[in-house]
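I've put the structures underneath this note.
You will see two complexes here that share subunit A, one where it goes with subunit B and one where it goes with subunit C.
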Partner chain A sequence: MSEQIDERLRSELQHQGVWVTSMQELYNWGRKNSIWPLQFGLACCAIEMIATAASRYDIARFGGEVFRPSPRQADLMIVAGTVTKKMAPQIVRLYNQMADPKYVIAMGACAISGGPFKQGYNVLKGIDRYIPVDVYIPGCPPRPEALLHAFMELQRKIDEQKLTGTNKAQFLKPEQPSEFPVPKFGKHDLEPPANPDVFHPPEIERA
Partner chain B sequence: MRVEAAVPGAKIDVVPNPGPANQPSLLIDNEHAIRIARFLRVDPALRLDFCSNVTGVDWLDRTVKKTVKVKKMIDGEEKEVNETTEEKIQGYLEAVYHLYSMTHKHGPVIIRMRTAGRTDGARLPSLTPVWRSAEFQEREIFDLYGIRFDDHPDLRRILMWDEFDDRPMRKDYREPDDYEWEPTPHDEVLEKAKRHYPSRPELDGAEKITAGSDASNR
Partner chain C sequence: MTPNPYLFIVIFIGVALAFPLIPLALAWLWRRFFQPPKPGPDKTSIYECGVESIGEAQIQFHSQYYLYAIIFLIFDVEAVFLVPFAVAFTGLPVGAFIAILIFLLLLVEGLVWAWGKGCLQWER
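So, the complex of A and B:
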């Protein structure tokens, strides 16, 4: 554990050619540098995501170039674009089919809040009402740099995950769900309109 | 008109467009619609072989006021008097087709069809057998306005899910009450915001007398 060894001593040992590390560090280092995103796009944000994966912006520099077309082989779901109410159950189902550990980036204004379609009748007001989101990127659409930034934030988040203890990572706790109920098509709206176990909107207080 | 000659019994009205586009359209009767459409497509002078756009319109019940100058005898004198007549027009749903000719490079010719009423049983003949490109767009009109197209090969909802009950583009559509806070509401959204977040009680000036108020900062 990195807490059990003095940082300066560790640095000193490194200079002498002795590398001291911990299982957790090794584990997180391995995982954060090989994130396999799920290959799917929903709207114009997907074009930026494709640009990020292509040679100019090159997400491969961060270890995220292996876009997998199957949820069984993916670690990261980039919700790139407008989530319509018709599409939302399929997104949740794809998320449920991904193996733990799994992460979600909500990319763009639509995926985080419904964006310009927020007051409409057919667009979900944010994917976070059905699945937990790790990193939100605002923008319409966000530039590839923003997606890379979100990717680096996610790497930072993975790096800080604990393997043991009470505040260990979510996916290591057996009592925490890794699947979430898929919403049903209702007569007027999705049922339920949000999953109260996942979705905790901030209370609005007026001064 | 040549159409009326080709399709006996067909009724065609010209609907003028007083807007800047000045694009009049043809209102065709539903009974002969498919034959009129076929004529427009095959007639060598017209050859309207491309249906670029089909859309729906929801017209509510309305009253049209017309003012006409009428000469009347008043007290033995002839005077011009404005006479206003009111005409009630029952609401209807409308399907509008934009047609072009790829052969002759002309167009658009706009044709319209009107349903009898705005109820859910509103029906129109489908023009998909004439223009294949109308198929999805007629499905969209069925989905969002609820017009049933007879003889359509595959009339299902296209944008909303099959279990959905409403017709969202109709003016009487009531959306689910799921308003969420918006930083800059305006127009209809502002109305919704007022309903969900009651306005602040009247400020009485007391809010200015707080610790560390502006006066002490300056």
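So, the complex of A and C:
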């Protein structure tokens, strides 16, 4: 936006009652203020998510109160809680069934890394092994303020997405997949244990 | 001059058509110029809470269930007649009493017939 019009001129016009905007800005403004989450909770983080939606924390202030019971109408998947290996294929399938553009918030220690169950045998060590995560919230469970903060971060991210150009948003690129392979139940673990196209664990550098 | 009274209906139909069609057209234009469609086997599959669906959605109930439906209907209608009958029982003339007994007899006859045919046996 700022490439087209001088920011001072824009501010001056705004004071005179003329609002100058662009398609991209209008589009992102509409999207970021009506993020509809998919209505599902997995574990105790879901209780905090419910508290966030209730009157005290009131996610409606950010336009996110419309929890949709169908992935066809949802923009955001809040992975709120422990993702067991039994549940992981369903989560990935639900993500696949959501319409583009879609975003994921991994809420809580379990959703981002397996949390206290990381050493166990039946909990997925982070949902980012199968689907791309936009915002991670640490905490066990994170407080509603933390979820609101993640929500605002996501709004900031949506606001910065470009509609055109080479660095336009990923979901607008035809080559960027909208679906990710659903893991299968193997003999001991999910097959594959992680999607190498999505999962990029940080490399440990030792001095 | 007063406008034709049907003019308002025409305007109403026009607004009723424009209201859904304009957003749909905008969405179609948006898809055409910005958003590449990305259908896929998972995305277009039936939504069943993330679980893979089994079989067809258009299942049909077996025709033998109509017997249960009919027997249920008999007693349903019977209850509708019996309640006012019971309320007005003390003040009824003999003719009305006999009439309702005939009605009950017909229903009991139907029940005996259904019983004799084995309709009350739950079979799959």
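Following the convention adopted for this analysis, the second predicted complex is superposed on the first by the 207 of 207 C-alpha atoms of A that agree within 3 Å, B and C clash if a C-alpha of one lies under 4 Å from a C-alpha of the other, contacts with A are read in each partner's own complex, and residues count from 1 in each chain.
The rule is simple: a residue touches a chain if its C-beta (ideal position, glycine included) is under 8 Å from a C-beta of that chain, and two chains touch if they have at least 3 such contacts.
Keep in mind that what you see is a predicted model, and the values were worked out from it rather than measured.
> Superpose on subunit A as described above, then tell me if subunit B and subunit C fit or clash.
On the shared subunit A, the partners fit.
> When both complexes are superposed, which of subunit B and subunit C contacts more residues belonging to subunit A?
Between subunit B and subunit C, the winner on subunit A residue contacts is C.
> Touching A:Leu172 in the superposition: subunit B (first), subunit C (second), both, neither?
Touch status of A:Leu172: second partner only.
> In the superposed arrangement, which partner chain does A:Asp100 touch: subunit B (first), subunit C (second), both, or neither?
Touch partner of A:Asp100: subunit C, not subunit B.
> Contacts for A:Phe185 in the overlay, against subunit B (first) and subunit C (second): which applies, first, second, both or neither?
Touch partner of A:Phe185: subunit B, not subunit C.
> According to the stated criteria, A:Lys86 is in contact with first (subunit B), second (subunit C), both, or neither; which is it?
Only subunit B is touched by A:Lys86; subunit C is not.
> Looking at A:Gly30 after the superposition, I want to know if it touches subunit B, subunit C, both of them or none. Which is it: first, second, both, neither?
neither
> Let me test your reading of the model: by the given contact rule, A:Pro193 touches which partner, first (subunit B), second (subunit C), both or neither?
So A:Pro193 only meets subunit B here.
> Examine A:Lys125 and indicate which partner it touches, taking first as subunit B and second as subunit C; both and neither are also allowed.
Touch partner of A:Lys125: subunit B, not subunit C.
> Please work out whether A:Pro116 is in contact with subunit B alone, subunit C alone, both, or neither, and reply first, second, both or neither.
neither
> Between subunit B and subunit C, once the two complexes are placed on the common chain, what is the minimum CA to CA distance in Å?
Least C-alpha distance: 14 Å.
> Can you check the complex and tell me which residues of subunit B touch subunit A?
Touching subunit A from subunit B are residues 159-166, 168, 173, 175-176, 178-182, 188-189, 192, 197, 200.
> Quick one: in the complex, what on subunit A touches subunit C?
The contact residues of subunit A facing subunit C are 70-72, 89-91, 93-94, 96-97, 99-100, 163, 171-174, 177-179, 182.
> Which stretch or stretches of subunit C touch subunit A in the complex?
Subunit C reaches subunit A through residues 34-36, 38, 40-43, 45, 47, 49-52.
> Okay, in this complex, where on subunit A does subunit B touch?
85-86, 118-119, 121-122, 125, 185-189, 193, 201, 204, 206
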